[in-house]
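Shared chain: subunit A. Partners: subunit B in the first complex, subunit C in the second.
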Partner chain A sequence: MAKSRLSGFMLVALVLGFWEIGCRTDWIDSNFLPPVSLISLTLMQLVVSLEIVQQFLITLKRVVAGYLLGASIGYVLGFACGYLPRVYHLLEVTVEWLRPMPSVALIPIGILLLGLGDPLNIFIIAWACSWPVFINTMDGVRSTDQVLLNTGRTFGFSSWAVVRKIIVPSSLPYVFSGLRISLGIAIAVGVIAEMVASGTGLGGFILNTSLSFRVPEMYAGIFTVGLFGYALNKLFLLVEGKSLRWQKGFLAQGK
Partner chain B sequence: MILRRSEGFLFFLTLAFFWELVSRAQLISPLYFPPVSKITVAFYHLTINGVLPGEVLKSFTRMAGGYALAIIVTIPLGVLMGISRFWYNFLEPLLELLRPIPPPAIVPVAMLFLGIGNAMKIFVVFFACSFPILINTIDGVRSVHPVLIDTARSFGLSRYRLVRKVILPAATPQIMSGLRTSLPISLIVTILAEMIGSVDGIGHYILKMQRSFDIPEMYAGIVMLGIVGYWLNRFFLKLDRSILAWHAGWKSAGK
Partner chain C sequence: MLKVLNLKKEYQQDQRNGTLAVSDLSFEAYQGEFISIVGPSGCGKTTLLMCIAGLIKPSTGQVLVDGHLVNGPPRQMVMIFQNYVNSLFPWRTVLGNILFALENRGISHKEQREIAEGFLKRLGLSDFAAHYPWELSGGMQQRVAIARGLAYGSEVILMDEPFASVDAQTRADLEDFLLSVWNAYVKTILFVTHDIDEAVYLSDRVVVLSKRPSQMLGDIYVNLDRPREQIKTKGDKNFIQIRNRIYEMIRSQ
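Moving on, here comes the complex of A and B:
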């Protein structure tokens, strides 16, 4: 596995080398894109001085809280709408009108309602995170294989058993796909809210450094956010792999 | 069906009426949450004199540009990465490095290189939309049922025809789901880019109204955004249904 990905790591190394050399030879404007080495050095200083660590912890707290809240709401509503057509028809108009509402547009309202601190960030993140989970759960529940449902009914499953033993597991791949998208959105929207409103956290840090033209610090901030996203995603894949292990065997058997 | 939809509208109207009542009774501050009737009047005037449609059109053009670019670039890339182990291994580390970067964090960088014009917004939208489409395309291509591929191989289909006739159609539902996910993202990112660096567009307008404390106008802008998003979504669903018409029949036939 490590060997087969060698080509990919070589591409990354090539891009980074090209970047560094391009800056050193003034082929790239270092004011806009400082060399990788300078950005790494700046990042190290920011970590040692704890400046960026503090901002990171602020963002982490908001993202985790908002994500968990939004994902739970999205799952419950998505499941209800997918399983019970009546609930779907009741909520459809409201949901389809609210859903496309860009979360950024809610920030001004959020500020009026919740101020500039953590509650605003958590609210906006939860709002944005709930939709992908909602839609994927709904799609997953609806696209449960009819044969599986009929088989379950033939075996005399109660509707609760059908939900628990058939619909929940078979919709799980969809749900995870939604959860994974939401994870990226959680960080993105967290950064947005921090840029537009709070001015603290990693988003605030990136915007403030950019506005005061501390360009290496800005890139160090972007790198940190990227690393944060990467780590969260890896953690997520670990959980997903464990939860969906049965599915691989299921597909390999050709059902 | 019509009856069911009216149920949804009724629910929606009840919510609006509840807002009007609570605001009139001053249970919530009417300064921050003006009654729905006031917002409606503001919305009506701003639509008639062409302010809102003008701003929306500007935003929409930018959004559509970035979205289209993302589709053109990402779907072929995703199919390639889904089929070929080599290309997946080659590109995955670089993409994994870029993917966790939240699109809003790119806005300051894009502003450095591209200024605050249309190019910056189109680029940011492209960046933001690419990853959901890419992930869904790769996943979709990979999760094509092995039996389908084996069958096609047994019939001696060439690689090109295998992709066109079997893999692409089978992956379409998931690709469409990726497109659907990135549709609201494209709108969000457009609005954000307009809030942070722009002189026009609906995002800029909403923030300007909030800062000058023209709260009903701010809500009117947000309502306009909701309507635009709603119709965008409806249009997409129509498209989705006509493209995936075969899929519904295929599923109900019990495969």
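Moving on, here comes the complex of A and C:
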């Protein structure tokens, strides 16, 4: 495991190395793609001057709020649809019609309803996040093993207790799957929405710096988004690892 | 203790077509009896057990436990399922699984723990209390499943081919384990198996079912001495006689 990680890092180092050398030798036009060294330096300056930190915090706030909102709605709806097939039959057509809509395309509607500003961003992010969580939660609930359910019933548990004690834990791996996908979407959609509608946050920062030809700053902004995503993902895996400690061994059982 | 009266179960596929799984079965089990149910594969043994356990509603007929009509899983019965991998909760430790049987009884957490740990100790599973089920061997997992069923405290225990998924050696160990448990706790056990030797070895009576739709072919008393012993009992003349008789019954269909 450690060996392939090391190779992964080395690969990145190799690519960055080529990039840097390409710029220095003018094989890459530094006006369009500045060298890594300059981008890193610029990033540090932006951090120190707090310029990028402010924008980052704005994006962070929106992404977290939108993610939590979207994930909660997706979970509740997905659970209901998985547990009560009738509910899903009722909602199926609506869901399958709304789901493929690109969240960013909803921005004009969002602006009409919510105006510009945080609520708009949060709404768009929440919209985009809810679908993966919805589908995975529904799948997870549906795939609860019948033997587990019968075991619950034979021990005299009420329907509600069966939901709480059996279906919820049993579906958790699926739910986490959905949550993880949504996390990536939250950041991507958040940044795009900012570029299109806000002018603030990291997305706004990237747009503004590109329009004013502050090229190294623009790349610094893009890097920051990438770092943000990487950090959130790592944090997520930490939480997932703790909650699903039992799953690793269970799957490895190979039955 | 347990009465099955004219039980019939038909699975409806559509308006006209149905599969008759169980047709008109009646028998009785007395308190503390160990009864095995044998029959050819697919004859509806599991369906029968599920009806008795109150997990499925029979099409006609009744099940009475201790005089009460069964209309959903009754307090006096617990069922232990065939596939232990799917019936033990993988997100709970061994202790957590045993606790599950006690959580619905309105007793304090402390008392639940004490009772659960007591069962683990008496069944020789204390060392595994903090382990997850998948960390245990198949045989141990099935012991945990049995311990959990026992901890529920019901009078009747239904078991659906519980030893089908383990190897022969583990099977023999589990059979003796079950007998010692039955001796210590005096429950009424209904034990479904396709293994005739196992049925005769363990039971007081063996109910023999026909091909689907299952009807009663025979209700045979096993008059062998207890305690049973793997080598001695299985070599006994009577054992062989009874077992051959059952084989013949099933084969002659």
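One rule holds in what follows: the second predicted complex is superposed on the first by the 245 of 255 C-alpha atoms of A that agree within 3 Å, B and C clash if a C-alpha of one lies under 4 Å from a C-alpha of the other, contacts with A are read in each partner's own complex, and residues count from 1 in each chain.
Criterion: a contact is a pair of C-beta atoms (placed from the backbone, for glycine too) under 8 Å apart; a residue touches a chain by one contact, two chains touch by 3 or more.
If you're wondering where the values come from, they're calculated on a predicted model, not measured in any experiment.
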Combined model on subunit A where subunit B meets subunit C, clash or fit: fit
Contacts of A:124 with subunit B and subunit C, given as first, second, both or neither: neither
Which superposed partner A:133 touches (first subunit B, second subunit C, both, neither): neither
Partner with the higher number of touched subunit A residues, subunit C or subunit B: B
Contacts of A:103 with subunit B and subunit C, given as first, second, both or neither: first
Which of subunit B and subunit C A:228 touches, first, second, both or neither: first
First (subunit B), second (subunit C), both or neither touched by A:169: second
Subunit B versus subunit C as contact partner of A:187, first or second or both or neither: first
Subunit B versus subunit C as contact partner of A:32, first or second or both or neither: first
Contacts of A:147 with subunit B and subunit C, given as first, second, both or neither: both
Smallest separation of CA atoms, subunit C relative to subunit B, angstrom: 10
Overlap of subunit C and subunit B interfaces on subunit A (superposed complexes): 145, 147, 252
Residue ranges of subunit A in contact with subunit B within the complex: 4-5, 7-9, 11-12, 15, 32, 89-94, 96-106, 108-109, 111-113, 128, 131-132, 135-136, 139, 143, 145-147, 173, 177, 180-181, 184-185, 187-192, 195-196, 203, 206-207, 210, 215, 218-219, 221-222, 225-230, 232-233, 251-252, 254
Residues on subunit B engaged by subunit A in the complex (per definition of touch): 4-5, 7-9, 11-12, 15, 32-33, 85-86, 89-94, 96-109, 111-113, 128, 131-132, 135-136, 139, 143, 145-147, 177, 180-181, 183-185, 187-188, 191-192, 195-196, 203, 206-207, 210, 215, 218-219, 221-222, 225-230, 232-234, 251-252, 254-255
Touch list for subunit A against partner subunit C, complex: 145, 147-148, 150-151, 153-157, 161, 165-166, 169-170, 172, 246-247, 249-250, 252-253, 255
Parts of subunit C lying in touch with subunit A, wherever the complex brings them together: 50, 53, 55, 73, 75, 77-79, 81, 83, 85-87, 89-92, 100-101, 103-104, 132-135, 152
